[in-house]
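Two complexes follow with subunit A in common, the first pairing it with subunit B and the second with subunit C.
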Partner chain A sequence: MARVFYPLQHFDPTPTQFQLLPFRFMRFEEKELLVNEAGEFLFTPSGTVRNLVDGSLETNSVLYRDLKAKHLVYDDTSSALLDVLATKVRTKFDHITGGTKLHIFVVTLRCDHSCHYCQVSRQSASRAQFDMSTSTADRAIAMMMDSPAQDVTLEIQGGEPLLAFEMIQYIVTKAKPLALEKGKNLDIVVCSNLSHITDDILHYFRDEGIKVSTSLDGPAFLHNKNRPRPGNDSYQRAIDGIERCRAVLRMERVAALMTTTAASLDYVTEIVDEYVRRNFHSIFLRPISPYGFAVKTHRKIGYEMERFLKFYKDGLKHILDINRGGYRIAEVYTQILLTKILTPHSTRYVDMQSPAGEAWNVLVYNYDGDVYASDESRMLAEMNDRTFRLGNVHSDTRRSLFTSDAALRMFHAACNQALVGCSDCAFQSYCAADPIYHHATQGDMYGNRPTSGFCMRNMSVLKHLFSIIEQNDRDTMRVLWSWITGTTAHGPATECA
Partner chain B sequence: MDANSRAAAPIEVEISLSIISAEALLKTCYWFSRDYVCEIRNRDENVADVFLTSRDSSSGSDPSSIKDSFITAAMDFALREKIEAKTSGIRDLLLAKAFSEAGVLEDQPEGIFGDKIEEANPEGMFKILNNRYR
Partner chain C sequence: MRLTTMGVARNFDRSIVGILATSELPSGQRSDRIRFFSEGEVHESVSGYRALLCHDGLKVDFAVPYVHRLRDSDHLRDGDIVVLEGSTGLVRSLYRPYELHHHLFVTERCNSNCLMCSQPPKDRDDVEALTQRNLELIDLIKTPPPYLTITGGEPTLLGDNLFNLISRLKFSMPETEVHVLTNGRAFAWPEYAKHFAETKHPKISLGIPLYSDYAGLHDYVVQAKGAFDQTVSGMHQAARNGIRVEVRVVLHKLTLPRLTEIVEYIYRNLTFVEHVALMGLEYTGYTPRNIQELWIDPFDYQDNLEQAVEFLAIRNMTVSIYNHQLCVLKPSLWSYARKSISDWKTLYLETCERCTERPNCGGFFQWAIKKHSDHIHVL
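== the complex of A and B ==
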């Protein structure tokens, strides 16, 4: 029996009509940027959206095939593969599954530094009444273990937590066996300025597998200006501490974060170079937080968002140049946003999640047992604004924290999908709601997007990144992909050291 | 004084409400509200006049350029309304399907896709198969 193929048109039929799948769009330079519900995007010629809406787009064009491939249209010759698209959407929202992962323990408010931008109401180093008690620690640990999350991170901070080192030991000793009993993977991080690090503490961290996160704001003149302490030696103590930590702990177990202040804005090159000189392989060009003391001294610290954006863009350019030169260093904010833009995945960075990650993905247990939706919520409370105080470890359960009036009010404003200004935005899939930021800066959790610093920053940064993507320079994209995938620009990464 | 008066003079934009809905117009004004006070006056059932007064009296922006930007933004919001009208059903189904499989919904979504093309194609892949995850 002779076998014949079906006619050619059977394999390549031209559809006669098409239907739209949900998407958002914006004008982007001379083009249009279309983004579907799962965050997949396509640059199209100007006028494409109108042609799609009125049904006049040519169905035998390359553009039409691209639109179909990106789940922006479907037709009678194809399926929209709703299951596939639903899977992509679910993957993008993966951050809402699994329960609270990050648990921050504020073991003391005591600190030896007096930073202008300090995000807590620091207390002098001798006032032990601002330390966490063992009974509070016990209850906080129990709440952390009540989280359904399989992987939990215990972040110990202050104040300066090393001033309450005995409490760190107590918490670690209590939490580890409980995690084992509950079958949880427990990651422990201590956030310290390292000015009080000792060999005994370091050996303890090494033996217990504890990671260290510290602050490095740039070269000595800048770091010491941002972080005053008696002796004006914060920078030297931080550098010495970093080196000692690296000598005892493994290289990748020591991380540094920088805080941007008005004083930083003219020195992004110097800041990046300091991180390279200190052999770090990531840097987070963070804007200053509007919380805590930063609000009180806004005039002193304050700077305009435009200045920060220039700082960010200049910094990113310099970092990319360094990478092209062969040294791998990733800018973390870019890395987070590009992961959202270029991969199906979400990220663990709670400040850029919708529904908002506050409470849902992070809980803060203050030294006095009060529980907050985020570290920023606690900073507000230190300024007598307890809007985001969910409860107290001694009088609440995990369930009562999440059904508290404070939590429910916040959850109402936690989805950018349902916020004025965000619901139509092409960047919605990559951005967030951040009700706490908007409460702190605008007195309204829902926020007014046209005047929101959060919106202005993210819109500008996202446009900048999409502009880079659209230019599609091979060397630049190779570097950016290496940040997302954790490989070097020339091949798989081995160790950051 | 004259310069300030000229800078403060509102820019007038005529909007056809048969093309751009009141909702699309309000969304446009929302985004322009950072830089302009937006006053909307209905001339009649079909036409609205929008008066844009700059919040910055020293702003030297070209009025015709601002007018163009406003109309372009309004047209874009009108397009978004049309996209939403055409896709809201499948969007709801998509999200329901995504989260039902994540196990966070108390009730599984029921029914078929309900699209014209799919209704004519009963063997298509859009069906949620009899709440199979129950």
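== the complex of A and C ==
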């Protein structure tokens, strides 16, 4: 017996009214951009939000179907699938689960370089004064192992950590069996300027599976200017070091990180080309660090930020051109933000998370046993601002670190969901809270958005990326997706050498 | 190739499942065999077989079950597993070891009524009988196949019987990859998904169709209110219980306008699925009746299809195109096209004889002879 088929209206009754699901929005050029709680977005015609709010939006329109399918509205003709939305939101906040993953060990402050942007290194110092002791290392390793995280990264830096190579060996020898015992996957990275690399050290790295991250600020004139050392040969030493590392270690075990200085801002093409010439497949166009400078005037920050944004946009354009030409090189900041915008996943990059990744996802164990919420926190401490010193490995436990006044004060300002100017920003899901930056630049962890360099940069970069997304050029999107899905050598290190 | 033939049944009224034997076997090996006599063959030793099958009129004195005066039999081979229906004389091939695609057909019942269903549901309780037949079939399969599909109707309507079948498969062919074609609605009940997972079959996955990212349209295509919500929730519950899921989208006039939106919905809401199959319409079952509302020539939706495939591929989602001929697909899509049509249903047109790509092409469903793209051509 044949069954009856019912018409569309039977299953798809036009809803008479609809309800809003949580979303944030902004004007975007001639359109409006709506972003739901899970970071899914929709470009809509101008006036859509108003029609949504006053209930006048046509429910039999294609636009209505788009809005409903994107979890922006719901109605009584079907369930809102709230548990599906909840799962998506939970996935987006995956970075807050699992415990601290990145553990930075500052094994010495001694260094042969005197980089302008570094606040911590000591050129001439006795070994005992600024090196980590074995008892401090033991306590720091124990604290790292106390983290519930399954995958932990041990990042060894300085100063120049190779000046304390015996301490590196000590830490690796102690940490590996403990990780095994606790069932943790341990990833070890050494951040070095490579000027003291030897074959023995390289063979040790190879045998222990240790990765190397080094600094490369651009072509020789720029690198040498940014990173002075006796003999003015830091560039040549870095290049030689990179090639020697690659000869012994696998290619992808050697990464380079670029620090942007005021001197870099006019040379983004040259910097990118240097990375391509050296066969790197990722480059991180990082903003100028504000640490170490006096709190600047708003106008000065604005001016510097304008220059940085031009640097970033010109750089991104150049990098995209290179990719379209067939050489694959990813810009890491773009890759991180696009992962937030275009995928259901969260990212492990601690400097761009809400709740902020500082302390929560990264801990820094200084040579003297002091524990900081981030590398920037210990830089501040070197300038006598110990606001983000959580405690000391010799007198604290993981629990007391995370319940210290320093930690609790910071956590209060660590959610952009609850910050003025961020709570209703369309870009909230893609952006972050940065209490340390705002404390350093504005003297207030919560910060003032209209004058925040952090806000200015991310608003501008995100708008730029959204216009690229909206243009939807096939070749460009292919390149960008290859960055998102491809694997970089390792997650970008926070600060290095 | 044919699936059924007809004869006259004698000495039994139930169903008999057995393995065809085209030559005489020692008496100790006859109990699960159906002795099949070809035309003119002398019926000498007939005792001990489960049943007999032959073209000619058969006259045997004792009460062995048999089907004689068989109409067609070219498709029957030694080793095929068939079922003989005592009430009608129908001979249905259930399992042919030499084929690539194998199915357990578990019920004709369904709680949806899709506009383009290739196997229109019937409202009669066949669950007990078919379960019994399938359990016997599983026991008779001597060499486990690499893949086996459980299909219907809607398999989850079997209740515990489905779990019994899965447990039997797990016991007798644990290496066989089992794919269950279901609308997924039952999995929306957390208890059901949990129960299904508890069968702990090591190689099982679900193939679940999704026809829109917009609830009302999906519900219309499957002719069931609330189906979209149940299917999407069902996929989540399945994933939560560690059950692997494939999503299937049939391409037609009702699904194509939102195809990019559908695959985006899949990527953002059903990220866990291990495979997305984009499938051509089958001109059988309900489809001819609803053809006005469904038909778009595949040639005319290539761009749309390419966009959807690329959308998924650049996101590292595994995507395949089923039931499409290479001559109506852009070359950029060829590497995604699978030869997905069951051997017995595959057909090539006269045009295809001269085509150099024929060995790489999945061909047509046999019913495409009645309706196919206007743009089929030699490559």
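The rule we apply is simple: the second predicted complex is superposed on the first by the 461 of 497 C-alpha atoms of A that agree within 3 Å, B and C clash if a C-alpha of one lies under 4 Å from a C-alpha of the other, contacts with A are read in each partner's own complex, and residues count from 1 in each chain.
By our rule, a contact is a pair of C-beta atoms (placed from the backbone, for glycine too) under 8 Å apart; a residue touches a chain by one contact, two chains touch by 3 or more.
Just so it is clear, the structure is predicted and the values come from calculations on it, not from any experiment.
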item: Superposed partners subunit B and subunit C on subunit A - clash or fit; value: fit
item: Touching partner for A:Arg65 - first (subunit B), second (subunit C), both, neither; value: second
item: Touching partner for A:Glu40 - first (subunit B), second (subunit C), both, neither; value: second
item: Which superposed partner A:Thr87 touches (first subunit B, second subunit C, both, neither); value: both
item: Partner chain in contact with A:Trp481 - subunit B first, subunit C second, else both or neither; value: second
item: Which superposed partner A:Arg24 touches (first subunit B, second subunit C, both, neither); value: first
item: First, second, both or neither for A:Pro344, with subunit B first and subunit C second; value: second
item: Arrangement angle, subunit B at one end, subunit C at the other, subunit A at the vertex (C-alpha, nearest 10°); value: 90
item: Touched partner set for A:Tyr6, first subunit B, second subunit C, both or neither; value: second
item: Subunit C versus subunit B - closest C-alpha approach in the superposed model, Å; value: 8
item: Shared contact residues on subunit A - subunit B and subunit C; value: 79, 81, 83, 87
item: Residue ranges of subunit B in contact with subunit A within the complex; value: 27, 30-34, 72, 76-77, 79-80, 82-84, 86-88, 90-91, 93-95, 97-99, 101-102, 104, 113, 115-117, 120-121, 124-126
item: Subunit B contact footprint on subunit A (complex, rising order); value: 17, 19-27, 37, 49-50, 52-53, 74-76, 79-83, 85-87, 89-90, 93, 96-97, 420-421, 424, 449-451
item: Subunit A - residues contacting subunit C, complex; value: 1, 3, 5-6, 8, 10-13, 38, 40, 65-66, 68-69, 77-79, 81, 83-84, 87-88, 91, 343-344, 477-478, 481-482, 484-485
item: Complex interface listing, subunit C residues touching subunit A; value: 113, 115, 120-121, 123, 213-217, 219-220, 223-226, 228-229, 232-233, 236, 258, 261, 265, 267-269, 271, 290, 314-316
